[in-house]
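Lettered A, B and C in written order, each chain numbered from 1.
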């Protein structure tokens, strides 16, 4: 019975549900499911930086914004198709991610947190004040994606595009953490000195973490601008940071599948409280605090304790010994 | 113009310094940075607002009540959040205090957020707001009050540290927790006192600042960033550094705002943080740490 | 033939001389002990060799190439592995994964090749797991392969840490008090292990140790440090009978029986 609840089965059911959802659910449910897909990307990306590599950095919401602004503006100003705007948004966010990584690599712990939180605020300020490009505080509308010649309406198109991206991006991330890269990240998280004396180049592997999480955040941002059809600075403020943190922590820090779970669970809460900023803040702030204090391993730690088939080795499982 | 900008820079800088002192105090004794420090500031402001505006208590009494309220809030936070995590790695404490900051922000928004329509409430002037001439420059009375208040609190704080038993214990603990513990100091109590004191001084800063600006649940984070800038500039963990750093940030943004662009005020904090951390991560007064093994 | 040459190494922290022109050289296949009272600079010596601390002056040469100035990961990749006085196993990894991390320099995966699971990655992962398993067998620790590493007993964690270094096939192994806190029988096991590491793997060992019985039992030569200076260098016999060593240990004769 418990074996039925193994991860592979749950994930399979999840994929099927997501795949057939638009055939029976109403537009709003599909929209929320689409948000969930987007947050899965954000959560997986942030987990690699924060959970695996242990870098106490806040750039994620800003890079999410960079992805959204880049792809949205390319769509608006140059009328480019999604298969250009999307990779462009992702690529530019990755580039910016690398750009912050360069100075950030010299910093550790609290100094890193301070520097990247400053960067996040700087990015937000640019979004809100570079009027000639970003349209300032009011933001701009993004023309809907055009999927022609495919006979798909934009919301359905974006939904399935998001699903396909998630179905590719999560396994890719899963492969990365189950290799020497994932092990190097965990090693430098636990002890930089020990990692270094085992031959791990700290600078390089931290940079990898920034770049990969930037790529995921930028991709999510590009989807976000198409999904909402409007890009404004406040979508990428500090509250967005805490939503991402919450998904990673509540799901399980340092657990890729925990982060996926966290994103799916918390998107519902975020939506229910959509119009109540204060309650959103209380709920997400409180939940983050509660998890750190009471269940530091997050939901995935409880699942791993009671169900088989959820463990996450940091290597490929080859032949049984 | 220059004198005026300097005056207002010093006044706001004094507020930043007060915030930074709270951060440094906690950092020195516990090794943690309190990301909810800004919200403790903001709460102090709203406590004073409640007494001063809603209940009609005089300004100075409201100030004292807010400081007491801030102290109590700091102690409660210590019990609920900080103490269970005091030995946790920085990452855990940062996540917890970030979560806590939003929790407090949400509560403030729930109670005070929609009082006057928008997210902002106006905090009436504590005294006649018209500027008075001192020599050749015009000075707002509230600026003088801020300066006076900041000096009183900083001096009071120093005296507390140097003279009182509790203050000496705090200093001993921050210098060597183990030795302090072995010599019979109840380190946990000292930590509680530290968080409480940091919160109280933040509340005082909020009440001094409020009449100059508006009060909103989001104001805490702005001030936290300025305080970060001040501590980073002065060197994380240096008390004189925090004060000098705070004043420098205040003056810098006032001059920048006056001579360069009014937007400088918004960006001063993160520009200072980024530049200092890239060029000289140990700050002006900081000592470079010996690398741990 | 000297494997590792430390010559005139000095380093100070905040005015305090931790090492004061220390020189010694280690031959291929030798087991070298470093002893000395607390604060003598022993761990700093290992830190300087492995690149964690940069010497203020002096050089370290390994097989004729200059090490001083290189970053720790470069030095590790050249074939110098080390363990720590307080074990630094990685939490959140099993024993096998910890040991596999030690094979980092021998693997080639990049984020791209790992993400798309290139055949080369699958192959090298398999080989790394095999090698890690083989080292665990060598250490007689294979039954713990799938245990969470940081939940093992203290003594077992020390062994895993040695395994994690061995898997990287170092030529020189720097051990910081491998027997600290171990029971008498455990110390004998470590003694036997160190001899096997030299015999079967041809690895040169430099170890700091306080357990004199172990030092006397396995070390070919011993270097004695005191207050950052080398005060003696030689075989166990020579060192014990050196009056300077006696004085360093507060006038009490070094306890050989232990």
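Everything that follows uses one rule, which is that contacts are C-beta pairs under 8 Å (C-beta built on N, C-alpha and C of every residue); 3 or more make two chains touch, one makes a residue touch a chain.
Just so you know, these numbers come straight off a predicted model, no measurement behind them.
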item	value
Graph separation of chain A and chain C (steps between touching chains)	1
Centre-most chain, if every chain is reduced to its averaged C-alpha atoms	A
Chain whose Cα centroid lies at the greatest distance from that of chain B	C
Chain A-chain C separation of Cα centroids, rounded to whole Å	41
Intercentroid distance (Cα basis), chain B paired with chain A, Å	33
Distance from chain C to chain B - Cα centre to Cα centre, in angstrom	47
Junction residues of chain A, two or more chains touched	193
Residue list for chain C, restricted to those that touch at least two other chains	52, 84
In chain B, residues with contacts to at least two other chains	293
Contact set on chain A toward chain C in their complex	172-173, 175-176, 178-181, 183-184, 186-187, 189-191, 193-202, 208, 211-212, 254, 313-316, 318-319, 321
Sites on chain C touched by chain A in the complex	50-52, 71-73, 75-77, 81-82, 84, 88-94, 96-97, 100-105, 107, 109-111, 114-117, 121-122, 125-126, 128-129, 133, 145, 164-165, 168
Chain A - residues contacting chain B, complex	50, 54, 56, 103, 106-107, 109-111, 113-115, 117-119, 121-122, 125, 129, 193, 238-239, 241-242, 245-246, 249, 277-290, 292-293, 296
Residues on chain B engaged by chain A in the complex (per definition of touch)	33, 81, 84-85, 90-92, 94-96, 98-107, 109-110, 113, 217, 221, 225, 228-229, 232, 236, 263, 266-267, 269-271, 273-274, 277-278, 281, 292-293
